[in-house]
């Protein structure tokens, strides 16, 4: 850093002091098809460097220990050969977990922060805990299971495309702007932690929603919904979908699907695929 | 750079700072004092939220031996002795200075252009008060110093508390002031700054303080001009052009002067939408309608998360649509507030509770209370 | 001889090839004179096929094995072995329209009034057929053999 | 003994097609043409136009005067072939001379059919096929007033129109119950009959000559229905039959015409046949038959030429097709002439009496066009013939066929570009 | 509702030249020209005319002229005709007035108040026709110093460089998405960029898969708020990534590509179902502050293995200099600034005409700020909006840009006449439309050539002007404001621009 930059303090906070992968070998323990990485003293880039290098060595199961807020986990893994890697994250995944994720599986044994599955393309993220804001933002494919609650703007601008239909299943409840701008995909909000008679508290659910569907277990007032969504009962096809994903949810988190499925679900659908078609003067 | 800041009042506002950051606060609600390790490590964990252009700490329960005196942390920029002389003369003229010393620093730590930082424990000369409360007296003098004195800037002026801040990553500032070695407190708040403006000025770092109120802040208040002009009506002059300063003055105005509880103040800063008010019960509806009518200029618009603290309380609050993150956590008597949950877990792996309050809903940690759990019920 | 190739993907359906074909076969070869002052406006030898959004011009392909020549009862249509053009001699033509029946592209055009046919002559005597040189979007390309 | 690589007997469309075909691939070999007639190659189809005065004698020439020289063809005119020794590749001329050939094309054409009616040998009875016929008719015209045309086919009707235009009273006699019965349907027959009648030329259907009156010349005739018509000019235009005398009795297969395969080869090696004398492949019927039509003759000659020159090519082009016009009415027909009562085919049509337009298409069970008739506007008719030849299932766009501005744009994308692929540049974007 | 709007244009047809060829009728997407066969006359429905001039250009006899309609409201400096018309339009629809193209208001165009220098006597000017003249420009982050090792007496570069891109000319095509513009227009830009050794920008419409192999190395792919078409392959196929925060024509707002424009191939490219609205939110919902931007910058770098420079594009707004500083500090390699006159396919008129600041001032402020902070070399600056000619380019470079983005200029080269009706989807020039009949009007061969010609013409002119200043490498002009002087500018403007007044 030259004097000028010292004076004005240009600091590359992501890359400054990042070590080369070869300097980090002591953090990786390989055992057959499995590798363990101790993230305790690793930087964001370092952990992804190691994951990538490990995956390149044909190791398909990577366990990350002592993760605490490390970002972008799984992002740099390519999926060119269609081979996917399973990553188990212990403790606490950082922001943008699995951003642009392409086909890989990530399990988080703990909570996750903002931006889980941001712009994810395919694969699966299972969070054994809660997720913070903008979970599954702009997600295009794959599945995300959150055992507990999600923060603000979950499933915002979720999309779908051809055979890619993203799925987000949330065991708990959500905060405001749930499903905002949603353009596709399936979101299931189970509200398992709501007490008897307790409503979901999120406001502005599905504002600007113009595609996809939200299945909601538990109650909401009309005033909690964006004006672009309507409530419909589930038809048989819906029930099958809900059943399928609730069962998957339950298999991830060891709970009983029967009880969940016995309760009443609501389907939230956009009332128009063109919510803003008429606001312009031509 | 400071000279430009000493503008009295302007018809046109110069650019204000825009800064976005990582923040963290930890409080022991039983009042037990503890060292800086948690705060320092937590903010270090969120290093990428800052860019090394500012870091700072506020510590409460800092000077038990001088807790009846206002503790002034004063920075002399460019290590300007002349400024120090002027300032000390001013202090002696206006206060009784019981003790003063240079705040010890670690010369091994390489920080950018460190100023001279001195602390004074003072109390007003009784005769000079003239019906003005001690607090007001102190504030006005501190403001005068900040406004008119070249190369002088008061970091903090509360009792039994202090602010340490500067240019660098917060852990560097902590190292520089040796916070982990020298100090204990029952509240630590810390801020890692990512400004897009005013690099290289120690006064620009957070926390910002007025008396014993401190604010660390993440976000950009789009209503800055409106808020600031309202505060000017109440004789708060903003010299720093930061959102944080506005926030601190607003807290001071509403809580100290006007004695409103934080539960109400938070609803002034981050009121519910008219659309929500419409569906409220009559009493609530009246309350919020009135609050919004009267305190409209203090609506803090745009993204923010703040951690506000005083001797008794540590408060976390976000804007009403929660554009900035906050996570609260608790274990035993400890209450944590943080931009990222990871940071809390990093310093408290066996955390009992972690929750994210909804936008505009304050998390209030109070001495000898469990008030912080109130927000837990409204949160997820 | 050259050949006119058609790029339907860039044909904009303006029909100006038809207009310029008419000009090319007019007395004056001046567009305004042709249409506003000359007594007879020649027929176009190119037609723009239209089925919007599709449009594309068609004119005589000067086939290797021209069916029109086979069908011609009068010898008015011949395949010129030197140039490769399919040439129509109006003085020999009796208007039997056998060529119209035979042309697989429908590119021999009938003037119902005069009972004459016209077809593309690649603008004999001009450097490049007018339809090609005046196409505003280069949807017609003249590919010269040489 | 003279020897030619290629020898052609006959000198009309088929011969020209053959010469031009050979010369397009083979500039060197020797070619000879033996013609019974003494004229430069002329177009029989132009006879009505000549008579009408639309063209002069020169314009009757199918190819320009220097055609043979330019094509370096040895021409034997006014020479009749007496017989052919196929096994020796020799042709014997009436002069007794032998000509040896490499490959032989029989393009002997057809001869007018003369119905077995007594008195058709009188002086003012003419056929309507050859230059000689025309010259005679031309002479007779000056004094004739009342003409009778025997035969309501293409030849007969064209002759009748010319005679009518020349100011003669014209009666057309047709044995069938309508004119042009083999090539057009009832509806179009009716339109044509109406057109003739409106012009004042009488058409008598289901009728023919009962008796011819007069000594050396025909003076009047009595029809089968008893009607008596004055007549000083009688044209016999009932059709032609293939001239197969050079093939008969030689072992060469003859079935009405000389049978050829798709390469125009007869059953005798090295010998080809085409034109009116041959029984050629009809791609609509899928079998051979005489198709005595000008385009078929020329195209057949050309195909024969290629095969004679050793370049394989098949003739799958021919079927019944006519481009006709009577007075102001244009008619084009091709393929099968199927009546509406036939349920084996799907028939679509459109009609506008005021505009005198009629379009009719016959689709077989595969949706392929097998017949069409256009009356009135005939623009771009060739496209339909192309669809027929390419065996295209037109059902997806059959409604479009009926539109007057039908074109390639009306055809579905993929098919369209397949049909036009040689000329259209796709994929520029 | 009966409309009170006055027609905007009058169509004049010279009867002594009109040959009734009806080309105008066929070319007008708005139905202005109508042929009446009974009267053998062409009629003009002027109220439909948008003044695109397609008919006038296509008319083979130059019989047509399209002019502003002379109808006038009572003269009123406050209530101009535009104000009347827009107000009435809203009174009739209750909607937001939309417009296309860039700001057309008469804010000062600083390019036209800046003049360039030339060498006289004291140093020689250079003749670019015969002597070398270099426009090659590298964009991306540069280190402050190079670590050089001497190996056997030969110096060798030790430092690892940040990814940089090499431009043959400092002119880059700015973001125009496939969907907003037609595939052909889009592809023409790509082809021209490739041929000219520069870059094109995908906007946020994705990069069609079939174009990636051929044009990826010339593509700047955007990651914008809608995240359309953004996946790993998309990011990795490109030469450079760009995070679009804002657009000069509409700072602070998002965009809607209406469903009817989302045709099959566009849907595939954007990876959304056909016919659905493509909504681009105003913010990127994972960026609510500068540290979030940093998060996305590094997310993109992570996703592309740190191999590609990342640009951040912002609209020029009041505190753009501070923002730019933040962007650089957040890790961006390139800062793209889009000014007040930047173009758009659709924007609310109120926003387009009133939000943002002119690029010239923004650029000067940003360059100065980054220099003051010592971080100018940490990034390249791409300046966008309102570049109309080569001298604008060269002035932008002298004010501190590394290269410029051109959007409107490129469209004009292809045929655009700035009728500002892009949002109707009925672009008569086949550029800003998906109508299959209209898109054919753009022959990509021709439009590519036009673009290539434009770049080559401008590059020649830039060389001429550089030579005149005695400079033979464009980098010597970058930020070299000594070569600029202001004319007719006030003190504060000169200060902001950092140039002296002419004669000083």
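We just call them A, B, C, D and E in the order they show up, numbering each chain from 1.
One rule holds in what follows: a contact is a pair of C-beta atoms (placed from the backbone, for glycine too) under 8 Å apart; a residue touches a chain by one contact, two chains touch by 3 or more.
This is a predicted model, so every value here is computed, not measured.
Colleague: Touching both chain B and chain C: give me those chains, sorted by label.
Modeller: E
Colleague: Using mean Cα positions as chain centres, tell me which chain lies farthest from chain E.
Modeller: Result for max centroid distance from chain E is chain D.
Colleague: Measuring between Cα centroids, what's the chain most distant from chain C?
Modeller: B
Colleague: Can you identify the chain nearest the overall CA centroid, using each chain's own CA centroid?
Modeller: Centre-most chain by C-alpha means: E.
Colleague: Can you give the whole-Å distance between the Cα centres of chain A and chain D?
Modeller: Computed value for the inter-centroid distance: 80 Å.
Colleague: Find the geometric centre of each of chain D and chain E from their Cα atoms only, then give the gap between the two centres in Å, rounded to an integer.
Modeller: 68
Colleague: Roughly how many whole angstrom separate the Cα centroids of chain A and chain C?
Modeller: 65
Colleague: From the C-alpha centre of chain C to that of chain D, how far is it in Å?
Modeller: Measuring from centre to centre gives 28 Å for this pair.
Colleague: Mind pulling the residue numbers of chain E that touch at least two other chains?
Modeller: Within chain E, the residues that touch at least two other chains are 294-295, 298, 329, 373, 443, 445.
Colleague: Which residues does chain D have that touch at least 2 chains other than itself?
Modeller: 428-429
Colleague: Considering chain A alone, which of its residues make contact with at least two other chains?
Modeller: 7-8, 11, 13-14, 44, 71, 95, 114
Colleague: What residues of chain C sit close enough to touch chain E in their complex?
Modeller: Residue list for chain C touching chain E: 7, 9-16, 19-20, 31-32, 34-36, 52-53, 55, 134, 136-139.
Colleague: Could you list, by residue number, the parts of chain B that touch chain A in their complex?
Modeller: 45-48, 50-53, 112-113, 167-169, 199-200, 273, 275-276, 278-279, 321-322, 325, 327, 340-343, 345-346, 349, 354, 356, 358-359, 378, 380
Colleague: Taking the touch rule as given, give the residues of chain A at its contact with chain B in the complex, in rising order.
Modeller: Those residues of chain A that touch chain B are 6-9, 11, 13-14, 44, 68-71, 91-95, 110-111, 113-114, 130, 132-133, 148-152, 172-177, 201, 203, 221, 223.
Colleague: Write out the stretch or stretches of chain E touching chain B in their complex.
Modeller: 288-292, 294-295, 298, 318-319, 322-323, 325-327, 329-330, 373
Colleague: Inside the complex, what are the residues of chain B that reach chain E?
Modeller: Per the stated touch rule, the residues are 15, 17-22, 48-51, 53, 194-197, 199, 218-220, 303, 323-324.
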